[in-house]
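Letters are used for the chains, namely A, B, C, D, E and F, taken in the order the chains are written, and counting of residues starts over at 1 for each.
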Amino acid sequence: MRITRRETFNAAHRLFRPDWDDQKNLEVFGKCSNPKWHGHNYTLYVTVEGDVDPSTGFVLNLKTLSQIIDKHVTDKLDHRNINLEVDFMKDKLASTENLAIGIWEQLEGHVLGLGARLYCVKLIETENNYVEYYGPTK
Amino acid sequence: MRITRRETFNAAHRLFRPDWDDQKNLEVFGKCSNPKWHGHNYTLYVTVEGDVDPSTGFVLNLKTLSQIIDKHVTDKLDHRNINLEVDFMKDKLASTENLAIGIWEQLEGHVLGLGARLYCVKLIETENNYVEYYGPTK
Amino acid sequence: MRITRRETFNAAHRLFRPDWDDQKNLEVFGKCSNPKWHGHNYTLYVTVEGDVDPSTGFVLNLKTLSQIIDKHVTDKLDHRNINLEVDFMKDKLASTENLAIGIWEQLEGHVLGLGARLYCVKLIETENNYVEYYGPTK
Amino acid sequence: MRITRRETFNAAHRLFRPDWDDQKNLEVFGKCSNPKWHGHNYTLYVTVEGDVDPSTGFVLNLKTLSQIIDKHVTDKLDHRNINLEVDFMKDKLASTENLAIGIWEQLEGHVLGLGARLYCVKLIETENNYVEYYGPTK
Amino acid sequence: MRITRRETFNAAHRLFRPDWDDQKNLEVFGKCSNPKWHGHNYTLYVTVEGDVDPSTGFVLNLKTLSQIIDKHVTDKLDHRNINLEVDFMKDKLASTENLAIGIWEQLEGHVLGLGARLYCVKLIETENNYVEYYGPTK
Amino acid sequence: MRITRRETFNAAHRLFRPDWDDQKNLEVFGKCSNPKWHGHNYTLYVTVEGDVDPSTGFVLNLKTLSQIIDKHVTDKLDHRNINLEVDFMKDKLASTENLAIGIWEQLEGHVLGLGARLYCVKLIETENNYVEYYGPTK
């Protein structure tokens, strides 16, 4: 059984490498490399997998899962600059892929602590673009 | 090839165990245990898997699938009280997880009768919460 | 300028008149009169109208509006039985129309207190049905 | 007859007044005042009003309207910093209200040039917040 | 009080004038003039206005409104060719504007017969384009 | 890591076999066999799978993927008649299943050329019906 919690946050970011100049960043990353930033309303779907606990009918309590996501992910990202202000994205390219990996790493241990396994982090950047990360071994 | 049919229904329910008192139910299930019920607009996605029939271009006829879902699932749930009025949920905790399992059991044989395999029952309870059930052996 | 805040809640209800028997209620209200209740995920859009305050660029602070809606509307309705547990719906038919009027009456004075005018209460009951109420004089 | 075109863009912004310090900005604007910016996926609905031209069946050609919105609004805002890079928002508080007024002013004359009247600029900042502006005289 | 019913249908159509050749049609209508047709999933919102009947809490019974829309609009349009098969669109340009006017004319009398007034026909052709028609006198 | 691009197109089609008469086609395909065509707004989700390139933070550049989808899929389908005008659907039943397979075959090689693997083609025909194709070997 898989169960999914949706959360939302919005943030500013920029795709660029500090070892490249603005021109090179523009060639590779296009308008996403704008030095004065841009931003998105991100939608995050966290899917966990586990057995149904017969005493509650739950894989886990979604309220608890939501609190864990808020504490370790959303509160760190919401209304923030991903490049400058998010500890788990420090020194990383602020792509949607890397952000999904970072979110996975923030959550994996805490989900295990709830007796379930993190299955997928789906991160929607715009209505046209999203990524899904299933962990390092898949 | 997988093909999916969406159906909707709305229903009342309550999360509680009759062997617990209201206080204990409230601790575990929160406001979902309200003794006077609450309810949802549920959205159900039924995904079946099979080969494409070269004579029709179909895995199966979605109209037939829709009729089967209506007869065995939606008609039993729509505008009903899941705890009190749904035969296949009798004596079960009315969690989204258990409801998805119940819907799977209602549909599995009928989908096989159409020459396809039931692959996934996805049940959306609110815009923030949903479950996916892939059957007892996965 | 009009500004709108979306809120959500879910609740159980039943359409029926206590002075009619179940048969008569069924004829008029159909399956919405189910004596054992059903329920919905309601989506509420509260639109207020006013001038833009040049010192803030706001008609009003949406965070304050959201807190007022939570206190006077959502907290009273969420995970509740509209017929049995909501003070401002007591002795009223629990139709979407009457619920929208009730929500208007809950909010109108508080919005005035923020220096704006309540313009519209839009209440979506299902993806196919919604009502809009613009107040008693329109 | 009213006809509406939807366009999307994403941008960074910050709510703050340069004549207030960060503490005062934080009190009034909350986390929206973050000095390192945040951002949104904005959805813009431009509604124009006019008679149906019997020779085409159109109020106006939506392709032309879309090109005008792109040139005068979306191209100036998309992947930009609203506070720093958008000419028509210079020296204004970057609230959704002021952005909607700015978009109206960008478009009003051009829509008249197409033989129709600009009726409404609706700007959705998040799934929970949006504004509608109907022009200075309404 | 205004109450709205959503219905959906899908249909083929073509924008063209028979008194123009294909080249002239292409110049004016672009790829929408493709002689071999194209099509859409249309979403229709029918809004009616009236007083709340104190004996039912309804402006009108939405089930009845839905049946009227099905009989006079949806059944005539669904899975049809708007140019060739829809009686109320005969000899008209199959634009969204004209289709909305045609739907209004199909429904206006029947809504009056229910004791309410037709207020708006909103017709969504794509996620980016829609029209709203409020009747001939507005 | 999987990354997904959404694209949209609209088209006319008809479900029928030329070796069956209209009556037989009607029995099997229902109103989808209407000889004068009908149509849809299709939504296409193309998911590709690959490793994250450490020099860009990308699996691949979504702008490039979008251009490939436009050239090989969307431009051939948008505002077209699937039965009559689309080279890769020639002599095939125009079902959603076959269209998804055709789109897969159009894209598979080009995605490999970008250093990634095509993982899934999801094609939504209506809000109630969609198919997912994972390639010939799964």
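The rule we apply is simple: a contact is a pair of C-beta atoms (placed from the backbone, for glycine too) under 8 Å apart; a residue touches a chain by one contact, two chains touch by 3 or more.
Just so it is clear, the structure is predicted and the values come from calculations on it, not from any experiment.
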Required steps from chain C to chain F (each step between touching chains, minimum): 2
Set of chains whose contacts include both chain D and chain C: E
If a chain touches chain D and chain E alike, it appears here: C
Numbering shared by both copies at the chain F-chain E contact, with half separating same from different: same
Selected from D-E, E-F or B-C, interface repeating C-D by over half of its contact pairs: D-E
B-C compared against A-F, more contacting pairs: B-C
Chain of greatest Cα-centre distance to chain B: D
Distance between chain centroids, defined by C-alpha means - chain A, chain B (Å): 29
Between chain A and chain C, centroid-to-centroid distance (C-alpha), Å: 34
In chain E, residues with contacts to at least two other chains: 127
Chains that touch, pairwise: A-B, A-D, A-F, B-C, B-F, C-D, C-E, D-E, E-F
Of chain B, residues touching chain F in the complex: 1-7, 47, 52, 55-59, 62-63, 66
Residue ranges of chain F in contact with chain E within the complex: 8, 10-13, 31-32, 34, 36-41, 78-81, 84-85, 126-127
Residues of chain B touching chain A in the complex: 15, 17, 28-30, 92-98, 100-101, 127-134
